[in-house]
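Each of the two complexes below includes chain A, the first together with chain B, the second together with chain C.
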Partner chain A sequence: MIILEWLGLAESAALLSLSAPGWGSNLLRGLANSLQIAFGAFGMGLIIGLFGAYGKLYGGPVLRDLLAIYTTVIRAVPELVLILILYYVGTDLINKAAALMGYGRVEISGVVAGIWVLGIVQGAYATEVLRGAILAVPPGQIEAARAYGMPALMTMRRVTIPAMMAFATPGLANLWLIATKDTALLAVVGFNELTLETKQAASSTRAYFTFFLAAGGLYLMVTLCSGAVFARIEKWARRGQPSLREGRS
Partner chain B sequence: MTTVKSLMQPHRIVMMALFAAFVLWCALSMRWDWIPKYAPLALEGLWTTLWILVVTTVLGFLLAIPLGLAQAIGPWYLSAPARLFCTVIRGTPLLLQIWLLYYGLGSLFPQFPWIRSSELWPYLRQAWPYAVMALTLSYAGYEGEVMRGAFSGVAKGQLEAAKSFGMPRFTMFRRIWLPQAIRNVLPTLGGETILQLKATPLVATITVVEIYAVSSRVRADTFIVYEPLLLLALAYMIIAGLIGLAFKRFENQGPGRR
Partner chain C sequence: MPSAALADQAPPTAQATATQRAAVQVEDLHKSFGNLEVLKGVSLTAKQGDVVAIIGGSGSGKSTMLRCINFLETPSAGKIIIDGEEIEMRADGSPANRRQIERIRTRLAMVFQSFNLWSHRTLLENVIEVPVHVLKQPRAEAIAKARKLLVRVGLADKEEAFPAFLSGGQQQRAAIARALAVDPGVMLFDEPTSALDPELVGEVLTVIRDLAAEGRTMLLVTHEMRFAREVADHVVYLYQGRIEEQGPPAEVFGNPKSERLQQFLKSVS
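Then we have the complex of A and B:
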């Protein structure tokens, strides 16, 4: 407390405190919302990406062309525009379905809408990352599994996915960081995640720097922590593989 | 390269026919009567998007060169701040950075009388300087990291050869090191420039009227939801395609590697 006093930060600390006059709990609630959406969108993106990558590699010509259009369009249009389009399309579709089944207008929760919108965007990027990773698996390993008569799903579970993890982790780590940062875009459609909570707190107290810097610190903490986690995952996925440093002079 | 022959496969012909039918359906059954009224505004917005994109990428790239150099070969008192800057920029959402600069600095500046009376004040009261600043810093942060890899990726022998010719250090940097570093990362830079294009609509949140803001205004004025958004997506796709083509031409210009 004395140190804060001395640095002239006592006022900021009071604004950020967790109890009632402070806005700390609002920021933390926003962070929890952001993380929830980021987790959901990342997971949905992984599932879409896995199927997309398999479709792009082993699917028929029509499926391949459709997936190519999906990944190209999603990656060329700004996320903000996609979020708006998918948000309106999603709510329209659900309301039409509800009307057909005889219900009234359905209110869609922000978390679900955020996960659906960001998940589709993430799926396009994940498709490309996983496709590259599957291609990097030596084809002999997959052929060996097939030669033993392993069913396709078991080959995927036992051979392809473990073998491609090492190649996919860096790209997936990047995607996770993009997912956490893209949650901020949902502020524009009025969803109460960290960035919007911060802006509301800042504009009602006029202490813009305090709140935006605090939120920046929170985001930075999330990215740095997940960087450490992904480094461990990569180390685990690469176990048994020769290190890249060795063998080169 | 897509050739005419590869487009003439039966399933692609069917897909193109379906797409043409979709476009026709859009043109006939959706509402486009708002276009003449908003066309001048849309052109203005397009122009704003383009100049913000060009100015911020050029300025950001110029900033990225010293950032990358400091991280690649600089002493610790230069490389540590450069690395910190890149980490902070890459670790926080761009929207937060834009709002921090616009609302934060924007509320700080009027408290100083000497800023209010300075020549720059008429500009500082508008939104676009903050937008340009935020996007420039963001591009510099991402590109600083790219340029670090690029500078350390240039073959040592090239630099040693230049040194043995007695080339001064700055000439060596200008003639040998920088051109080779840039050539190595041209594909990455192309991708990052498209990402920068996709970041420009964020400045609409601080009242800069670019093309995304125009589409929002159409939606707010006329309650037409899908048509402006579809046109907007189409415009961004065209610009992204043009950027991709331009970078492909740059890549083909130099001596072929591989």
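Then we have the complex of A and C:
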């Protein structure tokens, strides 16, 4: 406390305090919301991406065309615009459908809407990341699975997916970090994630610098922790691959 | 080596009763890639315990023929009969019964030119993968058996190693252990030594030679003529998608009748 006072930061510390009248708990609640959406969107993106990648690689011409439209459109339009479109169009459609079926206005949870919107965006990128990773698996390994009588789904589960993880993790780590930061865009549709909470705290107290710096610090913490987690995942995924540093090929 | 001598070494039990039934029978096999006809009607029979060597220049269709037997390539026409069971084919040659082809594949163990071990699994995991997950054998049993097989191919101390950290010869021996782990009725070798450095060829051939001496049924596509002559009971020479000449190794190598075979043998020796 004395040190903070000496540094002239006592006021900032009070503003960021977890108990009222500090706004710290608001920021943390926003962070929790952001992480919840990022997790959900990333997971949904992975599932869409896996189906998308397999569809693009092995699907029929119609499916391949549809997926090409999906990945092209989603990756072409700025995320902010997509969020506005998907959020307002999505809620509008759901309400129209509800009205048709005789229900009143449906209240759409911000978390669910956020996960859907960002998940669809993530799915387009994940499709390409995973498609590239599947293509990087030596075809002989998949052929060996077939030659020993593995059914297609088992081949996917036991051979293709674990083998491609080595090639997919760097791209997926990128996607995860993008997901955490894209949650900030949901502020425009009024969802109380970290950025919006920060903005509210800042404009109520006029301490913009303190709060946005604190929010930046929280985003940085998320990135650092994610980096550590993905480093472990990558080490595990590459367990069968000689490292480049050892100079073996 | 005359086949009579080999029959003496073969385990007398199950195989003796099944000698009448061909382990692998290929009838009038055709295969085209687009306009290119790679196989133009090949027929071949391997009895239980036979070692059939398939030789020929590159592009002769020998690997394609082997890969048609377990339907890694779908034949364009013809019949494949494995141990008396004909593989059901649609008009376009694709397998009509997925279950059947998957079941038959577990009896045909393939050893590839480029080993194709699963890179994210240790050698032991590679060897138990099919027994545990496809054949649903108890894991402990599969591990015990896999260890014995790894000892047999001289890799007892490498069971925890990942394939990429081993030499080509070690990887190929591990791939042979993986093949043996399924108790295959027939082993298919697709140029098993072609990707190896010359000094590593011997260790792999030694393992294959032992298996041949055990009386295992094998189809062996190879460029190692001396080895083919030594282990095979029957040699098939393919030329441009047709069987140009076949017979016991002493005949095929010692007294080739076809001019093309004479030229081929001259070019490879």
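The rule is short, and it goes like this: the second predicted complex is superposed on the first by the 247 of 249 C-alpha atoms of A that agree within 3 Å, B and C clash if a C-alpha of one lies under 4 Å from a C-alpha of the other, contacts with A are read in each partner's own complex, and residues count from 1 in each chain.
As a convention for this text, a residue touches a chain if its C-beta (ideal position, glycine included) is under 8 Å from a C-beta of that chain, and two chains touch if they have at least 3 such contacts.
Every value quoted in this text rests on a predicted model; they were computed, and no experiment measured them.
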### Message
Just checking: does A:Arg206 make contact with chain B only, chain C only, both, or neither of them? Give me first, second, both or neither.
### Response
first
### Task
Count the residues of chain A touched by chain B and by chain C, then name the partner with the higher count.
B
### Task
Once the structures are superposed on A, label A:Leu84 by its partner contacts, choosing first (chain B), second (chain C), both or neither.
first
#### Entry: First (chain B), second (chain C), both or neither touched by A:Gly216
first
### Task
With the two complexes superposed on chain A, say which partner A:Ile47 touches: chain B (first), chain C (second), both, or neither.
neither
### Message
Taking the superposition on A as described, I'd like to know which of chain B and chain C A:Ala144 touches: first, second, both or neither.
### Response
second
### Message
Just to be sure I read the superposition right, which of the two partners does A:Ala32 touch: chain B = first, chain C = second, or both, or neither?
### Response
neither
### Query
How about chain A: which of its residues touch chain B in the complex?
61-62, 65-66, 73, 75-82, 84-85, 88, 177, 181-185, 187-188, 195, 198-199, 202-203, 206, 208-209, 212-213, 215-216, 219-220, 223-224
### chain A to chain C touching residues, read off their complex
138, 140-141, 143-151, 154, 158-159, 162-163, 165-166, 237, 239-242, 248
## Note on the structure
Seen from chain B, its contact residues with chain A in the complex are 9, 11-12, 15, 87-88, 90-97, 99-100, 103-104, 107-108, 194, 197-202, 205, 212, 225-226, 229-230, 232-233, 236-237, 240-241
### Query
What part of chain C is in contact with chain A in the complex they form?
70, 72, 98, 102-106, 108-110, 112, 114-121, 129-130, 133-134, 162-165, 178, 182
